[in-house]
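Next up: the structures, one after another.
You will see subunit A twice below: alongside subunit B first, and alongside subunit C after that.
Now for the complex of A and B:
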């Protein structure tokens, strides 16, 4: 029997519990930790994009005030396994050293680490280290790198091509032969930065008595990080503890295990005292990781009526100088390729991904990796095709969407069937809310006044919560998740989960799920997360998976505990279990409704009197569940933007913006809408502002926030959000929300600008759409 | 390095300390006083996460040396609430969920304080302009703008009663 809580909280804008500590300055981010005997690390980084390291002389630095230790690759590398990335069949592997000893391969490569009494002193000493370099010519352009073997970034690869992968289904040549038109364009997404406001940070400590390593880390995946520390440093898994408290944003950057992490852990073990390292913004923008450095050559074959017959994608991905452990460096290009046809019915599809090594920072996942850039390219090409065929761009999309009558739809490229998506409704509602029917008139009128208005749409279907399987990305445990729910004798509920929150509000939404399932108020539920010593396992918070997998797991465990409580209550009331219900916070037996027991009565009795507990359980009330749901769930959405482009200044103003989302029944609309708005802002950033720039000789030019621009409060106004809330089939199944809105938003903005500038036949194939590029595209100067 | 005597008031409490002249105000507050609510998002004066009030005016504590505050009064995020009672701006941020990860939030709250001192009823555009010197990567800013608007209303009600 499903218990009914005192107040159903699901669907309510419950105030986020974590907010209270964050608005009062009581959050605990890694840099806020001050442990006894703690020392501080700083990394000496290569100023050269490519250079042989002939010698590192730290003699003068060693006697600098406050210095505790200085270590280079020759000190550390043998104490850790190599961080090998790239085990897929097409790819050769790259072995990453903790600190490179032979060659620097990017500006920012960490060559030495200084540990001192404070960060100021560590940086003082760092300046006294003398490195002798033999500069080599760098490889910076992916096309050049691909074609030439004159300069190799990694000699063992034999070329600068890390891997070439191919895939698809159907027959592209056949599609072309039967088509009326083939449209082709090459799209260039700019290299950008995931840019969490808090950069990478960790404190590592070693307790020699217990032989235990404890690491406080700003992370998206403490359990995976624990596994990596254990594997690489050869410490038994249960002698490693990773703790993740407040995380100042992550967005994919913090689902990597970095060389600096390993170096700091090694130093903590060696020194037997806590070592802190917090990267500064310059290190973050220069040397942590970048993302989305894709070139997408896309062809689409269509009939004159707009029906898509086939798609061909040739993707070149600039992975930078290394991969990031443990991902295969070609993961992001492949994710792009695989996600391209969605949300349309594309009967024939052929793709190729060439992943190229250059002397730049490595490539990380960044919120909706692959998907966002791919959607921008695909939707842009659809608009170009619509113009060429004189079709309404919305009609062209209608004709090809995976629609209600196609469900469940088995993706031709493989994967779980797509179900419970509402692509047509989302499109129609977005078109209605943005005023599409009248827009063309509005646009014509504006044009007559010399104003350039445009409308753009972006559509997505996104899967989240894959089951245990070697996913495309090559991780072996992507589906691992467990949660424990316990009710204490005081009637308070503790739920342990392995996910962690970098602003997603899980402490609140998870508490709502448990509270409603168990019939207690939300504030009686404490969500405990981010500590690998808790009774919960996890693959981490990435790929929009946490609500889907943790939600389902938690609800299952909470339901078990409710069932246990009903069994206890039934014994106490001497009533058959089937006749006992939990209503409004009380257990009531059908026969004698006036004799009610509170949740607290039953909780206390269950802990105090073992004869009351169900025989299989022993004393107490608790359950641990594993994520068992076979296959992901799919979210969908459609965003539409109306923009005005000032062709004199290249300035783009967003006049209206609509987001129609179907992420299933909302758990907390306030938190959900925050995710959507945040994703739209990040899409705005990558469409209009964000670009990591290297000089021709390989020096990063965007190492401060004066050079690397992200959206600010004046970038755009509010957005209209509409939810469709179609449940995923099956009970306890949630849909995701973290990434999808970004996938729809990037094309909505970019296509709107292209539409506005269509009188100029402007080709807008390169992001970001900065004012100078727009002026150039209109033929101005 | 030679240390310099420093005397200042932080959140109403007098402090005396010996500091290096190069120590930033942000590091002094965070490390010497343990007031870790002031965050560092860039350390070069752009992101606004380190915003504190210096004699009632919003300043970037990463760009000031601690010694420059000799004899002055600093308010940090920890000084906004009166005991258990949240400042109306904090209440508004909570009610409107004007944050996600919360790393930028102390800076926004103190910038909002500064704005509302100078302009009790700012328009939406004025709010956007006033907080455009603070960066947030998570929220998309609309909930922050809504929080500042709600805070202005709360403060107005407080004045009226």
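Now for the complex of A and C:
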């Protein structure tokens, strides 16, 4: 044991405690849950992108072997409140039924649910349901949908434009008038999938005796999910429990409450039996949700020396056929718009976001929503501008970065001041590590041999852990977090947190924080999470918030328990509290250093002898704290890639890759580097591989892993990672890492390819950079 | 993604398997490594009433050398070939093709006979069989027969196998001295199906002239294709860069590949030409001993 407060594990690559369990197949995901009397559900989904539903005949299916129940929208819709989304000043709401009854608006729309003894039998019966459709012409392209007046996805909206939002600051026209050059390009981000390895999944169980609904889910926000279940099903909040076990990735997809979730919960209540639904990969790719279907028309006004005077963004966001409860469907386009200028000083900015409804799957948040797509467009445009102005792209960035002398920097678009970021250092170190000084020579030499090399950079500043404010209570609430730490009679420390891990390693990093604060070994701390019945409240794991928010909260609660233990120890030793210290795992009183008490001695005594109570209000060694840090933290980073493009085949090889990150003091470098590598892999996927494709008739063509390609281990090369560790101001110190690396990585890859193909004046404005597109961009076929 | 109902049969000998196939006809399908069949069944795109599993038939799993090359039993795993020094020494093209077949996890299950019988247009083994002029040993209700590789692949996923026939073995002849081989492909990721690929062998006579050239393209049409017109350009001549270019252009001249989510038809055709050029160069370097 160590003296209290001394960081013995923070900063160390403590082995992730879940690793052994997970890699030996002892993880417990939703599909691993088997309850007595459990039945299995499958959803019948529309094969049409747009069709009126004239009738659903389930007579034959009902007598299929093993069938327990078959329900359609007409059975379920009145038993839940409408999942209304998106009512704002700019838009009217979209009503979402549990199971659409009037018409199907996308391939994959769930029209009926079959519950049977097992999933096989459910799928057998599903094939016997006879649906009569009247096919309608679909709208699949956002521009076509905008203009269409005769084909409406939601008649009540009166058009296919869900909302048009505008914003910005300064004066764009003025910026253009004062500028030497305006550079414009339209960037088309591919529709892609958040793609957690474990898809959506839940088991719902209704206990009629307690009138309590328990839902085991792969959610990334169990408390929010509990709230939604309570609201939509009209069950009191204290009669809903949500449990997450191991969660096989989430990436934003699981920060939604889906129609299928409500249907399964309704069936569990009705049937009085546990109902399991685990979506398969086809459902996941076709019907869960997609992301980033953005078209970004970007203009930048600059002086000849590269100083940015203004930026204008016109964004069209294809939100698909519905929103996802409880988000407003235009959230992600707006987030893109607002995040675009960071990390640069952009004195004038104007943006417009048009959110359009189409007959495709709805749009979800996906790791760094808005930020990641915007950064690719922005950094690509900066490189185009640098080429046009004959400036070094790094110099252009140096000239405009929010730099040390600008701190604290008040974002012109509003928001908390940016502080404790190291954008220049990150850029300079990334440039040095990638070998930028010698690179242009290396590039020229290669070119002489007919080889095409390029370098690209991506830079980000990302906020995380906004405080609670009355204006944002509810959805955009990232400040709601409370945690409880208690010392048990066995000497084990239990820390209850509301955030839950979808692979982030919180079991380890949170344990390190508590252990170091209390002066106990890391393995003496048990992190308890993923159960809404635990003494912790949270808005979930999203927006890079957990380490910032939970970390600060846990440390405060752990400190309280330490202080309580000192009080108990002092009473036991009959010494004044201020003279008792925890040293080397023992409580020692100044006056009699030989009379030592172990942590276990004190813990047990506190639980067994009420006279030792540290406070008049209670006898336990326990504290609950709330997140109380006043502002968000800002992380930053810079990634750089060197690639080689085979201009005959369009194959891209990544020759070198560097990530310089400043997420504040590292809690666990091994876990931090895992986050960074994972983000780089996802960025690689979005730049080179991933694209959800619909046919002209509206049929999804990428519904298996044969068609929708995700990055795999063989796709990834070596990555050099360097950490700057600038603490956040205030008591929290720790900054976020969950999303930022993804924001920097996509532009690094894409800009490197564009740089390699600059001898061809290749326009690379559409992701992914597939080999055929690269050949086309070089003037090949 | 759960298969429709089927009956599962696990014969212990080849004869029993053939009898089952004969009994159930078109309603039966053969399960070998399962790397293609099982996903198709899970998507209910394939709905056999009877699955005849060959994994319990030990007589189909072997690798032997005979006078003119190697003979591979139908259920021999692809990974076995990849790890075999015999295959490397006697059939280097076959050995070189193996790492391109999926990932090692796939090759641990995937079988040689299954790959040929499935006849995916983008798969490597059929093209290798064409270049090596392999013979497919087939067994059925009326007995055994050998089918030349060039007669085996009829169309996409369609072979010369009768519904009650199974592949029993494949004979891959060794190539003469002075031969170099190469197999190249372009795939979206390592281990993915090829968007275009080519298998090549070149044999040089003592004067250094090309005495035999064989080129087979895959991933660019419904079946792998030998491009004999391109081979003829090379045969009997000293191979120069110019000649290689000519052969490559000829090889893709009549191609009519299709587009899909991974690549356009134009890209496939273009890159097939690039690969032919590179594969000839690589095979030539091996034939002359410049490259191993």
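Everything below uses one rule, namely that the second predicted complex is superposed on the first by the 764 of 781 C-alpha atoms of A that agree within 3 Å, B and C clash if a C-alpha of one lies under 4 Å from a C-alpha of the other, contacts with A are read in each partner's own complex, and residues count from 1 in each chain.
The working rule: a residue touches a chain if its C-beta (ideal position, glycine included) is under 8 Å from a C-beta of that chain, and two chains touch if they have at least 3 such contacts.
The shown structure was predicted, so the numbers you read here are calculated from the model rather than taken from an experiment.
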{"item": "Larger contact residue set on subunit A - subunit B or subunit C", "value": "B"}
{"item": "Subunit B versus subunit C as contact partner of A:704, first or second or both or neither", "value": "both"}
{"item": "Contacts of A:273 with subunit B and subunit C, given as first, second, both or neither", "value": "neither"}
{"item": "Which of subunit B and subunit C A:239 touches, first, second, both or neither", "value": "neither"}
{"item": "Partner chain(s) touched by A:766 [first = subunit B, second = subunit C, both, neither]", "value": "neither"}
{"item": "Subunit B versus subunit C as contact partner of A:120, first or second or both or neither", "value": "both"}
{"item": "Which superposed partner A:16 touches (first subunit B, second subunit C, both, neither)", "value": "first"}
{"item": "Touching partner for A:281 - first (subunit B), second (subunit C), both, neither", "value": "both"}
{"item": "Contacts of A:649 with subunit B and subunit C, given as first, second, both or neither", "value": "second"}
{"item": "Which of subunit B and subunit C A:712 touches, first, second, both or neither", "value": "both"}
{"item": "Overlap of the subunit B and subunit C footprints on subunit A, listed as residue numbers", "value": "120, 280-281, 704, 706, 711-712, 714-715"}
{"item": "Footprint of subunit B on subunit A - complex, ascending", "value": "13, 15-16, 18-29, 31-32, 34, 118, 120, 195-198, 246-249, 251, 280-281, 502-505, 670-671, 673-675, 677-682, 704-706, 710-715, 717-719"}
{"item": "Residue ranges of subunit C in contact with subunit A within the complex", "value": "1-5, 39, 43-44, 103, 186, 188-193, 195, 261-264, 266-267, 269-271, 274-275"}
{"item": "Residues of subunit A defined as touching subunit C within the complex", "value": "119-120, 123-124, 127, 280-282, 648-651, 689, 691, 693, 701-702, 704, 706-707, 709, 711-712, 714-715, 770-772, 775-776, 780-781"}
{"item": "Interfacial residue positions of subunit B with respect to subunit A in the complex", "value": "20, 22-23, 30-31, 34-44, 46-47, 49, 76-78, 80-81, 86, 90, 93-95, 97, 99-106, 109, 124, 127-129, 131-145"}
